[in-house]
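The following pair of complexes shares a single chain, chain A, combined with chain B in the former and chain C in the latter.
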Partner chain A sequence: MTDRLAALSGQALAILLALALGAVVILTVDENPLTVLTTLLRGAFGSPDRIAGTLLQATPILVCGIAACISLRGGLFNIGIEGQLFMGGFAAAWVGFSFALPPFIHLAVAIVFAAFAGLLWIAIPAWFRARYNANEVVSTILANYVAILITSYLTINIFKAPGGLSETPPILPSAWLPEFFSFSRLNWGLVIGLVLAVATHFFFLRTASGYAISEMGANPKFAEYGGIDIKRQGFFVLLASGAVGGLAGGIEALGVHHRFMEGFAPGFGFDGVIAALLANGSPLGTIVTALFFGALRNGSLLLEVDTTASREIITVVQALIILAVSAQITIRRKASDSTAGERRWKF
Partner chain B sequence: MPLAIELKSITKRFGTFVANDNVNLAVERGRIHAIIGENGAGKTTLMNILFGLLQPDEGEIFIDGKPMALPDPSVAIAAGIGMVHQHFKLVPSLTVAENVFLGMEIVRNGLIDHAAQNEKTAALSKQFGLSVDPTERVGLLSVGIEQRIEILKVLVRGARTIILDEPTAVLTPQESRELFQTLRGFVVQGMTVIFISHHLEEVMEVSDTVTVLRLGKEVATRPTKGLKKSELVQMMVGRSVSFDRRPRQPTTGWPVLEVRDLWARDDRRLPAVAGVSFDVHAGEIVGIAGVAGNGQTELAEVIAGLRPASHGSITLGGSTTLGGKSIVGLSARDIRAAGLAHVPGDRMARGVDRHAAIASNILMGRQDQAPWSRRGIISLTYLRQQTEALIKRFDIRAQGPDAPVKSLSGGNIQKVVLAREFSTDARFLLIDQPTRGVDIGATEAIHTEIMRQRAEGRAILLISVQLDELIALADRILVMFAGRIMGDLAGEGVSEEELGFMMAGASRDEAAALAEVA
Partner chain C sequence: MEILERLFNVSLIVATLRTTTPILLVALGGSFTTKAGIFNIGLEGQMLVGAFFAVIGTIFTGSPWLGVLCGVIAALVLAYVFALLVVTFKANEVVVGLALNILAGGMTISLLTAIFGHRGSIFGHGLVGLPAVKLPFARELGVFGQMISGYTPLVYVAFILVPLLVIFYRRTKLGLYIRVVGEKPEAAEALGISISRIRYTSSLLCGLLAGLAGAHLSLGYTTMFTENMSSGRGFMAVAILIFSNGDPWRILAGCMLFGFSDALSLRLQTLGISSYLVLAVPYLVALAALFALSYRARPKLIRETIESMSRVLSVKPATESGKGS
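Coming up: the complex of A and B.
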């Protein structure tokens, strides 16, 4: 437990250090760092609709983060979640505007298609990994570009809705994820994300398959010796990770945009990967880090309105935080020679 | 001959483990001095001290007769010492010459003078017979050539004494012979070579002087000429029998494991197991003796399904007519299901997840079997009970089932592995180096446990480089040399001399004759 406490306080220290550095950056653009910080906080949490906005931004980051956690726990690195999200989003939208089905059934079918599209999109990198030991980092990152361009082609050239915008026809309301409030687009996607995080946490903590995957991530030679087919298992871990990535796109399409369009998601997939890394591959920890990134994104919107600082400043601060936390994790890992391993089963 | 290097009473401790215990080493200038010993004998530690990578707790270092302190490698390099590590440190995308001069580039007008670097590299490579093309990219070259580049790196930094740590481990026999020629060329030109190895043949072939290390202590330093291989083996593995032979009931069990004409390759794709046949019966401990690196590791990996066999058959559970199963080509999981339990030789790399709790390590391999898990959900209550029972039964000194394995001592980590493997219902136990790096108390306990498994009627294959362990435990001892079984001896009344000769490659009749004379 003391290990964990030390790790957490180290992380907090790293974030404080990054914020201090960020303050210096803000000073260079002639803004008061305190004003920026309070505006940011107000923008993220200042009123019910602002809080809802933060949760709305955090939702896709959370789901993408869980996708990343699944691969990280197995010692694999799916960095193609952005691409899976685009494919999933398009698949869900297509089901949503092409078919007329009863409510809920329509929604369920669209969600299943979204997850399946993400799964298919990672199947080739996963197969190359299992069959030829091709590095999944390279192949999944390349697949991102293809996914973004393919969905853009389909949107503009085949399924374009009438009018000037590069978007598909709207998804029928029968496939929408219901919203909670009248004042925000916050929807049941958040609940799906939270349930998924808890389920994934339980899966890794308590199931035989979760154990086998974690051991493959912690020491593949040990897993192999214990009779785990690490190639086959690695293949399925990547498929699962891709499916959750596709699901994130589905939630975004069915819950927020109600259509698919060009520039569908501004980097949610990458933010999700970083959120998972900061949480050390823990799904529950990813809830916290995703919320943090959601708050930064939402708060920076108000920042643009209320101050002369631009949203890019927040991107700089965010990058500083990531840098500081990664450096801190690396140093700790070197010092204790530990991997992402943790003490399982504290009785 | 004056001394190039002299180490006096070097002691190095890591925690409670003594890696070098009062070691003396005197290396004459212009000689090839071999340091031989088994894995963990302290060879690399000693050389890292000489190269300034580690600081000795006690002792003095003299280079060319002058006392020296070596706080880091740069001081050692300045004093004319160079080290070629076991694992190369080269940049694949750079050329040979760029790698050789990396960190000490020849600069002209603020730019790297590639022509001069290439020229100097070519000149050095010619002078020492290390044939390389200076302009070639390193990533395209073979391991043998990479090693030459590492040697050139050392030479260009002005080394007069070159340390090579297990240089042949990565080479083919042909490449090794070329390396030996180069090394002889060095001493002709007045340089000194320190050569670390655990291969007898090589040491006999190339060195002028041999120092034998065993368990961190210097056993002997002798001129190679006139030294017999069998003497070297005995010095390496130790003469004294520290364990008495365990008393036992004779058993006549059925053959649980049958191996027939088995062949397999090592990681370099060279034959490591060359036509091995033997049986292991229920209630019998069959020992495999041999100097490390004679195919024992590969044999164990093939049986466990972790390395493919190139030829031959293995059946587990009796011959196929008796309901046994051919296990060549099966997965590790299926072989376990057919009745194998395996204590691996490289305990930390394969035997445990050292960051995880003891309980988590106990679970491996049975996580999807009832009652360990039901419908895919692990039973934490059962796991905890079993782990606590095993900790008690195997006397594992730990805070509890949730203590991480890395917090345990080497002997207790091995007990965790034994506890897991011996608590399966496997009929065949494959035990590789059960007490390597384990203290004497834990060793006694592990031996007792192995004898108990024998009494329960399990068939046991015990691979060990420690002769005293085999003599204490084994009913029969097979001696492996260069991938073959040199003989099948009764464990009762076997002499260490006889085993030593066979481990050095003598046939059984020759060994018996030699033992008679000795």
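Coming up: the complex of A and C.
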């Protein structure tokens, strides 16, 4: 327990260090760090609709974060969540505007399609990773660019709605995720995310396959000697991660935008990866970090209105936090068992 | 037939060489870290800050050469942070690389807003690109002369670096040390080579070339900066590095393949194919190449190093082991 406490205080120290560095960065762009901080807080929590906005921003980050947790637990890096999110979002929107189905059934079908699209999108990189050890970090990153371009193509060249905007026709209301309040688009997607986080937590904590996946992440060789087919299992871990990534896109399309458009979800996939890393691959921890990043994102919207700073300053702070924490994060793939000199990455 | 003629001609070769250069420079930079056994996914970010600060430096000093210097310095700073975290703090390479890429993207946009008051692109503001080099003997060579003359200087630098790096890895002590550290760290330790020093050196050499690649992107390839203008070239370079294993000739071959697919896809656009699909071609080529070549094993490489190591060591056995640590 004391180990855990030490690790936690280390994490907190790293975050403080990163925030201090962030303050320096803010100074260099000619803003007062204190003003920036209070503006951020006001933007994130200043009123009920702002709090709802924070939760709304946190939702896709949370779902993407769970997708990242699943792969990180298995010692794999799915950096292609952004692409899976775009594919899932488009698939959900397509089901939403192309078919007329009864309420709830329509929604369910759209969600299943979103997850399936994400799964399909990672299937090829996952298969080559499992079969030939093709580096999944690079293949999933490159697949992001392709996914964004393909969905743009489908949106603008094939399914474009009449009018000047680059977007698909609207999703029929029968496939919308119901909203909680009249003043915000906050919807049941958040509940889906929370349930998924808890379910993933118990999956890794209580089930045999969850244990086997963690085992593989901690020490693949040991897991293999223990009789786990790590190639097969790695394949399925990536598929599951991709499916959750697709689901995140579905939730965005069905809950927030009610359509698919160009620039659908800027950076939620990457934020999810960062949130999962900061939570050290824990799904419950990702709830906290996703809320943190959601607040930063929502606060930064007001920041851009009230000050001259760009909202991208938030990205800088997030990256600094990860850098500061990375020095002590123990992602499973880090070869703590090998000597310092050994090649830590097998191409 | 007419379509083929419109697609394949001398200017396609020129375009290929142009589009090959930025990715070739950054991939050659990555060869240092790959050979030293570091998986460097931070190339993308180093290239981006290189491009950004090259433009800033040019605008504030008026000289594109000082701009290139600024770009290189910025990339070196990022490379140093990468080495600090990965080598000294033993942080995970993928996490650090990813975070530095995100940092580079956010930082360039923030500074863009802070300095120019808007995001997106900057051009004008007294921004001048690197001058084109007209080779004096090119005119007598006819079509071939057209193919090799008139590029910006960093194009020549990139292509000349390929054989130079081959010699560097085969013939110089530092090159050999980098390979030993990457492939047989136990042997390096036994020889008294400081693994961390070699890894720092290769990371900084990588930053140098990645910075040049970025500067070329914003001052040679185009004369402007656009947010996220490296647009995945760093990641493509990493894909090339994986299947080339850092070997300069294979890097050249891989980069030419991308340059060609890039140049060809730009022409396909003129035939009325959707630009979105056309723009996806280089990424698809990278993925296809990564997958197609991923099953190949690499025991041969390690054998080669041991052979050349014993060759070099047998020439001067006594002095070799003491240095570099």
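Following the convention adopted for this analysis, the second predicted complex is superposed on the first by the 328 of 347 C-alpha atoms of A that agree within 3 Å, B and C clash if a C-alpha of one lies under 4 Å from a C-alpha of the other, contacts with A are read in each partner's own complex, and residues count from 1 in each chain.
Please note the rule applied: a residue touches a chain if its C-beta (ideal position, glycine included) is under 8 Å from a C-beta of that chain, and two chains touch if they have at least 3 such contacts.
Note that this is a predicted model, so its numbers are computed, not measured.
Contacts of A:215 after superposition: chain B is touched, whereas chain C is not reached. The partner of chain A that touches more of its residues, comparing chain B with chain C, is C. Contact with chain C, but none with chain B, is seen for A:310 once the two complexes are overlaid on the shared chain.
In the superposition on chain A, A:207 makes contact with chain B only, not with chain C.
With both structures placed on the common chain, the touch criterion links A:30 to chain C but leaves chain B unconnected.
Judged by the touch definition given at the top, the superposed model places A:226 against chain B, while chain C stays out of reach.
Residues common to the contacts of chain A with chain B and with chain C across the two structures: 339, 341-345, 347. Chain A contributes residues 25, 28-30, 77, 79, 124-125, 128, 131-135, 137-139, 141-143, 145-146, 149-150, 152-153, 156-157, 270, 273-274, 277, 308-310, 312-316, 318-320, 322-323, 326-329, 331, 333-334, 339-345, 347 to its touches with chain C in the complex. By the touch rule above, chain C contacts chain A in their complex via residues 37-39, 41, 81, 85, 89-96, 98-100, 102-103, 105-107, 109-114, 117, 119, 181-183, 185-186, 188-189, 195-196, 231-232, 235-236, 238-239, 242, 245, 274, 276-277, 279-280, 283-284, 286-287, 290-291, 294-295, 298. Contact residues of chain B toward chain A in the complex are 304, 306, 331-337, 342, 344, 349-357, 359-360, 363-365, 367-368, 372-373, 376-378, 380, 383-384, 400-402, 404. Those residues of chain A lying in contact with chain B across their complex are 206-209, 211-212, 215, 218-219, 221-229, 338-339, 341-347.
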